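Worksheet: one structure, shown below.
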């Protein structure tokens, strides 16, 4: 049971806890934030498992892009539920995120400041982002092109739905306003 | 191999299960999409674990693709969500049943 | 094989005509002319093909590779029987087009196109010498008929058209399995769809039983034979007059033709086993249909049941499987087409005048239109099998032939002649005699020139076949002597 | 010879076709002249043919009809003295009837159709008379059936008459089934349908087959000649015009059955059982019909029942093996019965369609003595009063029956004699009530409608024949030359000799029967008897009800055969066809519709169910892969 094994199980626990909490929250905002936390832990896990580029992308795409998009949408829609949390439950609301956040930071700190001799524990460190990038564009160029089409389609779809949603906006129930 | 592959796969499986249960059980459209994200993420973990186990970079390459697909999918998903929200004013998934049998 | 592809033109000329009528559908007069022109051309072509088919010297056949990988060839051939049936199809086609001039006003272009398409598929069925090609034309003939009944029919046409289609398709699907089964039953290397090869090497007896059963069911639905006949009365009552004529005159014959040309020779052992079943179904059909016909109030339903009874005679004739009964059955196919076609045309004319098909609404036709009345009595007597008219010759041959092998069956079938007379007289009584029904309109024109030139050739052909059928019987001698030895168990 | 015969057949057919196609355009006299000319020419052709081929038998092929695989039917003529004499009789009587019809149908406007059917009928009757091939004979056989249907229902506006026509056609068709089966049996056993062929190879038939054939031919003859059990259609067939009844239901069609048995007598002769059956049918019907004739009030129905009875005698003559006697009675009967019918027609028209003899009285006798005289001559012949033809012809049959020997035929003779008495009784009942004394019931009108002279005077030849036709075959003790039996001796089966019983005794007995009948009629219905007792019997009394309704046979058939048959056809349509077979297929359709409705409920609209089914599917695939993999 090496140090990294310990870190792995810690991170696994954090991910499971955070996801469990995220998926059971009544308030959408809390769910999203918990999930962001879970994705951070996952990013560290990727790094631990010798996949630095996916770890970075995990943070950029999942936590950064998708969850932020969720936040925008939730705020855009101004969903009312969960706002009238009274004080006495505040502790129960705040305690888990603080504890999880702290645990994630600790694991991250340990990982980064690992003793010099630990390099060999990460044989996969060779899977540097450059190698992975060259490998992806060498073997899976078709896949990349396909994903680009997919992304473009997603963009077009979102734009179209946004625009047509606009006309329908006039009939929107809560007069949210025509923000795209 | 710092951790036996089975443990990683177990983690991925549990995460996938939680995502699936959330997508099934929750009635709010946003939560369903979140559940979906968790499932995709669980797949990513499994791929990375496998990539580590067999020393092949294909796994990690695939994770990138997963993320690409997830991004595109969530863009359209959320656009649809806003569209439905605009049209019917509620996010309860059972309201959208006009295609019912 | 002569240079000019006579058989292919016989098949595809009506199709061209159909396209022409669709293109000309702007002006009804033009597309009527095009339809009539094509029908007459087809009749002329069939007429000049007859002498070629009649003399054994010339072989009318065409053979071209079509789908070599499966051994499917575009093989056509015309012998005495198929030549006569093609001529009859063309003759009825002309009559059908003529009767539709006055009756069809809604989208005549498409109507004539479908009418000619049925003619194409029927000629295809009669001439095909390749099992796959036969099956293709067999299924194609359903589509135009479905639209003819479904679009231009009477009040309850959709249900009738759908019922007709589903019945035939159910039979057809089973036949498709059997076609494939027959193909697979051949040895690995020499697998072909050509009828001659399939007949030369029949499959193993136990396999034959299943294949024959499927073929027989498909032909039984189309003939129709009693248990699966209930689509016919609905289809006939709802079809337009020309639709009924073509349905009774041509489509029913494809079923009988298939039974004689395909089912029996392809699976001889199974056919020999099925003879008792055929007799039972034939007699049951004869009595059941005759009794039901007597109880009908709608004239077209009555004639529809009468054609089920007449076709049952053909089943008995084929099952007896000897020279006299087989030629009688083949002649009955042609005679039935003419008499039932005539009756349907007449009922079409009368119901156009009286506004409804119910027997109660006819009555006193002889007083108000004696010429129509005379023709109607003539067709009724032909249908009742009065000697001197055509049905008598074929019924006598069929049943005398059946007597030599199976006296009991023939005696029961002879007794059926009384039943036939009862419902024919009910039809004649309800229509011709008595006082005109109160619901009849004042304006009741006697036979118009157009109607006359439809009815007189039909009556002339019935009289000709009644007094001088020898020319037709000589043409049938070839096919009969070709079929009989194929089933040694039945043919002593 | 061939020209003569084809002309004989072609003339009536040509007349019928011309009238059918152009009848409506030709003027009335033209139509009448054409129709009568065609038949008179045919009569002349028949006479010349008889003279030309005296005594010989010739097979004259006319037209090869059709043949297939060993079976052949060709339109040939077997001309022998029997058919020659029959053809002459048919054309002669038809000619007179045609001329009479011109007068009788003077008021009717669809004369073209009437004469067309009449000519067509004569053509079909001649086909029966001359045909050699049984299929060709069947052409005539069914043809006369169709013409009688058309002519009985001639005044089609009245539904009642057309029903009578339909009844006649269906009942004769029931008889014809026997004919068809006989044809099939002939082809199966002897391989040919030609009469000459059959008679030539008749010895090849086993007794069993001969009996079967005999019974089948008897069944066909019973249908056509209205004998028991298929006789109920003839009394109703009186709905047609009277000349039609005279032609069809007196002279020609009803005797077609007898004629068929004569033509195929050699086949019958092979089996005693068949001959006994023919005799039984003949004797019983003769008695049955003469009883029924006693109970009738309508003049035409009396004559109809009398026809049935007289044809019964002809059957008896054949059964006794006396072909010549049967033919002699057939000829005599044709003459006097058609005379009686036409006489009755004149009486009916004179009294403005009065059919009931108890409403007639002596008006016609005083106003139109020739009509009465003609009718009286016919009645004498019918009642077999000694000098008249009926006496000799019926006497010959009774003599042949008695001298045939055997208990059965003696019983037949006794029944025949009783019927002879009854015949004399009902004939003179008819004559006394219809022509003597004042009517028992007041007629509708008393005035007499004048009739065209030629209509009556054309009947004189028949009157003469009714009286003198006995000379055709005077029996030995009257120093007769027996001309007819000499003429028919070459016909197969017609050369039987009869002795054993003294002919003189039998003829005296016949005269006695006639006298008894006459005396009874004089006592019951004579002009001298008190008017009160001359009226019709009280209709309620059971005996008279039975007599009038022909022993209730018609009602019996209606109850036991007709109503169950119609009920069965209704049942077959409603319950079996639409109820069971059609419902079976339609319910399958409904079944499919219901299952698809059930399937539709799966689409609940909640996305969770869709996701759940999706994941279940995924799990199933993984399980399969796992199972396969392991």
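As written, the chain order gives the labels A, B, C and D, with residue 1 at the start of each chain.
As a convention for this text, a contact is a pair of C-beta atoms (placed from the backbone, for glycine too) under 8 Å apart; a residue touches a chain by one contact, two chains touch by 3 or more.
Here the structure is a predicted model, which means the values were calculated and not measured.
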> Farthest chain from chain D, comparing Cα centres?
Replying inline: A
>> Can you identify the chain nearest the overall CA centroid, using each chain's own CA centroid?
In response: C
> If you average the CA atoms of chain A and of chain B, how many Å lie between those two points?
Replying inline: 11
>> Using Cα averages as centroids, what's the distance between chain B and chain D in whole Å?
In response: 97
> How many angstrom lie between the CA centroids of chain A and chain C, rounded to a whole number?
Replying inline: 75
> CA centre of chain B versus CA centre of chain C: separation in Å?
Replying inline: 65
> Which word fits how the chains touch one another: line, ring, star, complete or other?
Replying inline: line
>> Once the touch criterion is applied, which pairs of chains come out as touching?
In response: A-B, B-D, C-D
> Mind pulling up the chain B residues that touch chain D in the complex?
Replying inline: 20, 23-25, 27, 32, 93-94, 96-101
> Inside the complex, what are the residues of chain B that reach chain A?
Replying inline: 2-3, 7-8, 11, 14-15, 18-19, 21-22, 26, 28, 30-31, 33-35, 37-38, 41, 44-45, 48-49, 51-52, 55, 57-61, 63-65, 67-76, 78-83, 85-91
>> Under the definition above, what is the set of chain D residues touching chain C in their complex?
In response: 20, 24, 63-71, 73, 113, 135, 138-139, 141-143, 146, 149-150, 153, 156-157, 159, 162-163, 166, 169-170, 173-174, 176-177, 180-181, 183-185, 187-188, 566, 568-570, 572-574, 576-578, 581-582, 585, 589
> Which part of chain A faces chain B closely enough to touch in the complex?
Replying inline: 2, 4-5, 8-9, 12, 15-16, 19-20, 22-23, 28, 31-32, 35, 38-39, 42, 45-46, 48-51, 53-54, 57-58, 61-62, 65-66, 69-70, 73-74, 76-77, 79, 121, 124, 127, 131-132, 135-136, 139-140, 143, 147-148, 150-151, 153-155, 157-158, 160-162, 164-165, 168-169, 171-174, 176
> Contact residues on chain C for chain D in the complex?
Replying inline: 163, 166-167, 226-227, 229-230, 288, 291-292, 294-296, 322-324, 326-328, 331, 364, 366-367, 370, 374, 377, 381, 386-388, 392-393, 396-397, 399-401, 403-404, 407, 410-411, 414-415, 417-418, 421-422, 425, 429, 432-435, 467-470, 473, 476-477, 480
